[in-house]
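Read through the structures below before going on.
Each of the next two complexes has chain A plus one other chain: chain B in the first, chain C in the second.
And then the complex of A and B:
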């Protein structure tokens, strides 16, 4: 090995700035240690590899020590050496053979408090961005030997690590097969987010999500116990749960943790909220412009009075207010936290009396807009939240052209669509009567 | 996707005439129909239009606009009235239909109310009444406490506001039914405008065509009890032996036809009343309740008998004995002929059973 040339092994990385090569000499024999300093824990390299090298009397003894180390891989195929380096292995070129030892930096990402799916009294910690930590969390919460964890890589370029987790005794093989097929077919280059995976394994243009993305370990474990399959992507604190039906998106973990007197009405409230957030703007247009007979006389006169100052037809004010609400929601997501309160202050001004005083919208419309915004946030899962936000616009268009009949037709079409959906072969609008008993 | 866009662009052309904002509509709160002076245009139609306000305040937000016109038909009247206003007339909130008394005395039948029944936005649950002296004058009243135009009329009839035993409620659908049903005759309450308010304490009884009689307030109350089985009324007993008033908490009656004697058919009516003494000249605690009860029972029976006899003599049947007779017999039209023969000579046997549940006082 006198003429050791790194370029022969790792063409692309040979000139990388963070590449470290060390020559280790022992009794006339030379070993080469190669690693990427940014990916590896140098203290660990010293502690394990260098230390044992110094203590060894000859190379064969050193080799024997290496073999006992955790994360030791014997390399047979020299083609994939560069990949190993990038994954945080240190390569050891010994005479006649090559081996790799995992000395990766410990993950910097720690589990954070749940912020998106917050529950009042329940587990407070969400997943972290590191796949190993996440699987550790799941294994701790679900300590059964039936729990299967299978790793794979998705993304032709990003090679993102993905873990497929399921309870072998409970999982539906059909679902598993469909999911594996879908995962095989993924040919995206860079995969970085759970929502992206969710889209890749379902139909891209589905209006309603058919796979759930959640940040809560307790939700994941609960779903595992129900026989669902969980996908965990490295680098995001969200897990994907399949199959998922409409009911799942409307359920909060609180429903299991709280007493039924409290949880059931809240659940009903959520469904009412889902109905209002989708159809209230459309109903407003339909009733104000087509069917004012729905109102009681007093309300009809009041609405007519408050609309008297508005020069445009009802749907202009609806679109105006919906635009404002959506803009406000979008802005408050994008804004940095420190100036986030500005959006709410300005939005509050507009949504409050000002728009009505200016004669742009009626006072009833302000209430409609606020109800739409507030009830939208009652839906626990974000992807469903977005879906319902989209649905209200076609309904408003139907209301503009056909009035109440249009709204009903639109809702009916939406219902038909939801019924026709399948999540990995499962009917989307299925109800789970009696199943809740087991989870009490 | 292309198809959707094409269809949407086609849809855009189809906006049509249905789209009309609520502020571009004139809500008709009440319709009045009178007999006009002009011979070829017999209908004098008045519409009470609500002027919208954004804040409802009693006595101030009941501003209205009364327009009227003479025409040969309702349709023509409404069509012509449209040219008098700047906004589209909207009948969807019309809950009050008032006919003039003169019109009722002359002819008020299916032809007159046909327009109201065919018009899709006028609801079957609209209240009907007679206006005296004219419907237009009734509509023109602006009560001081009213929140919306015509609201106090609607509140009077829908039992949501006042619950008076003198106010008899009649709906458009029910009036229409009574106009064609054999053995059930129509009636309408009479509204008399006072200064700033209304007085509704009479009822006009119709045969199938026009007014037969107008009952006085006392008879109206008893008629209301018999036809609607209302509960919130009181019974006054004024005889030499006793003078007291009963507040009725529960009221019901049942009746049977007794045809065993063909020459003298009888109707036996059992009236059950429960009530508390409300006003009395005597102390009620230790005296004989039974005696007072009996006094009240005979008094009440007499009052019912009076009204029933009056209706019988007018040959009208707004309570629906004829309908019950037809329903409980088996020969269809033959029974109806028989009933027409029986009704004028029907003998009434009324038994009133009063349950006095309390003296109404605290000892």
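And then the complex of A and C:
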């Protein structure tokens, strides 16, 4: 029998440091076992392949045993051998054929507690970074045979595994078709994050997100039952839900777990928060610099009095405080957890107080800035959170030039823009959706 | 979808009744304005009935498609151009009117063309959206602003300066035959149904529009409020002293315990939104009518597809609006508006009757 030359089969990997080759001899016949030690579970290799090899009397019996193993693949063309190795298969070169057996390491990432979309009393576990674990979680929570899982790979270089999950009996075929088209068109090289996929399947310069990224299995399952499509990307603990309309981003999972008497007011609170976080700085500029007469006299005098020490127009202090708030938010994401709390104390408490004492900003502006920051975090979904953070700046600019008229104009344009968006064919912002679905 | 019909009809009633009608009807208040307010909604309601029933027979078609199918080009294209310009002008008048109000009350000492340019840009931005977007945003913004508007009207009615004796004094002048001017102005208030000429494209699944009787009733109530509340607050003779009657009326109302003490600011801001909406719908209708003249133009209701002709229309009329608005004075505005309404009513009647004839003719085919 001629020498076994591995290079003929796997050129690129032949010199890889973690490549393991074993020669298995049995009755003058030789089989070669090849695998990547970093990708494979060596105990499993021993338990399945080596053990059954030792117990077999000849190669054909061994082959028969191999064929019964889970994860057995018969290799037809030798071109894709290297890919199989990278995916965690062990290759077995038998005298007349080649086969691959999956002996992948079990995923190291475990589901963790939800940290971004926290709910008080509800499911506490978020997705993990492993796609198989996530799909297992969804299948457990949604045990119906209509649940369809389709796998694909996106990213020309990264070849990231993506699963498309939907309930066949409920899904809108039009949405499915649009989504598949979008996924086909993706030509990014490396795809690693759910937010990135979300951006790739929607329009890149959309200000408002039209696909939702969530870490909560319960939200995903709830949306599946409403006929939406879920995408799960390998390597991130986040799922993407399409189509998503404006209201979805304002809804917390608590809303359906609690009784309406406090779920509804909390929802209203969130909308008020969204309004305040976008327009309060602009309203401050407009009322202080343009139309102080809209307030009752005492209030107007109070506001003017608090600005007595401030030497420049109101929009300077607005930009100054907004810069501070945004910088604090950004810094507390980047900083390690323990230093982060110090930064907020220094920035929020001490700096704000000092800025007001020094006469750089008025004390009412400090309240405005903190209301803006706090109400921003009432919005449950992070992408919407970011979008609303951006919108307040154009509104302030409009307020500088046109006062209250400008603020209202800005809000009007923003509403028109939001209404004009479509999420996979669904109107993004539209009143009375339930009724419309029936009449459509 | 049929509820959207009521939104744009209500929208045009609110705009016309509060911005134009009081000033023009006030001049005629001793000469038959009250009877015209009773007759106007009835006449408008009859035409609305005829127009909607005939339009709905052309399922999912706008007026440009209907005219193209059934009339020769030499008639349909001038007609469409005329209708488009009519729609544009009625939106432009509102914008000019409101920029006078804004430059007087909200940003004083600003020359009129600055707010006007802003308004024109916003209205064009809205008008370039797809038909469905225009309908959805009409619903959204009306639902957001109507409660506040109703509240401020309620505050006006229950205001202690509201003197019902003045209103009672006016009732003596009820049975006087109205002039053509006041009749056409009152009819103009319920004329919003004409927008169905374009919005019918989005009304694909609609068989009939229910509760159409509500339109004249609503129109009558709004006209009555728009006419009698200023008289009650400002006085039978006193109303004559104000140009923007309703803004002055709202300014007479105070809310003792609210953050914003003067109702006029709530009123002005709500009306700013409503004026934008009105200009947006009329300009959308106008630009769709005019770009419907182009051969090979396909109506697209859900996505913005070919906006270039629409954008050119909006730009031309927008620049025209700014020039005209800059050149008009405040008192000219109401003379121009009343002449405009007197011309507009016959045009509306022509549209309604021609669509009615076309629908009959189509049936016999």
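Assorted remarks:
What we mean here is this: the second predicted complex is superposed on the first by the 426 of 440 C-alpha atoms of A that agree within 3 Å, B and C clash if a C-alpha of one lies under 4 Å from a C-alpha of the other, contacts with A are read in each partner's own complex, and residues count from 1 in each chain.
The working rule: a contact is a pair of C-beta atoms (placed from the backbone, for glycine too) under 8 Å apart; a residue touches a chain by one contact, two chains touch by 3 or more.
Keep in mind the model is a prediction, meaning the values are calculated, not measured.
Contacts of A:64 after superposition: neither chain B nor chain C is touched.
Touch criterion met: A:415 reaches chain C, while chain B stays clear of it.
Residue contacts after overlaying the shared chain place A:190 against neither chain B nor chain C. Once the two complexes are laid over each other on the shared chain, residue contacts for A:290 go to chain B and to chain C alike. With both structures placed on the common chain, the touch criterion links A:354 to neither chain B nor chain C.
With both structures placed on the common chain, the touch criterion links A:306 to chain B but leaves chain C unconnected. In the superposition on chain A, contact is made by A:363 with chain B only, not with chain C.
Of the two partner chains, chain B and chain C are each touched by A:403.
Residue contacts after overlaying the shared chain place A:429 against chain C, while chain B stays out of touching range. On chain A, the surface touched by chain B in one complex and the surface touched by chain C in the other have residues 290-291, 293, 295, 297, 402-403 in common. Within the complex, the chain A residues that touch chain B are 288-293, 295, 297-298, 300-308, 310, 313-314, 363, 397, 400-403. Only residues 8, 11-12, 14-15, 18-23, 25, 27, 29, 50, 52-56, 61, 90, 92-93, 95, 121, 123, 147-148, 151, 154 of chain B touch chain A when the two sit together in their complex.
Looking at the complex, you find that chain C touches chain A at residues 1, 102, 106-107, 115, 118, 122, 125-126, 129-130, 132-133, 136-137, 139-141, 143, 205, 259-262, 265, 269, 272-273, 276, 280, 302-304.
The residues of chain A lying in touch with chain C in their complex are 290-291, 293-297, 299, 402-406, 408-409, 412-413, 415-416, 419-420, 422, 427, 429-432, 439-440.
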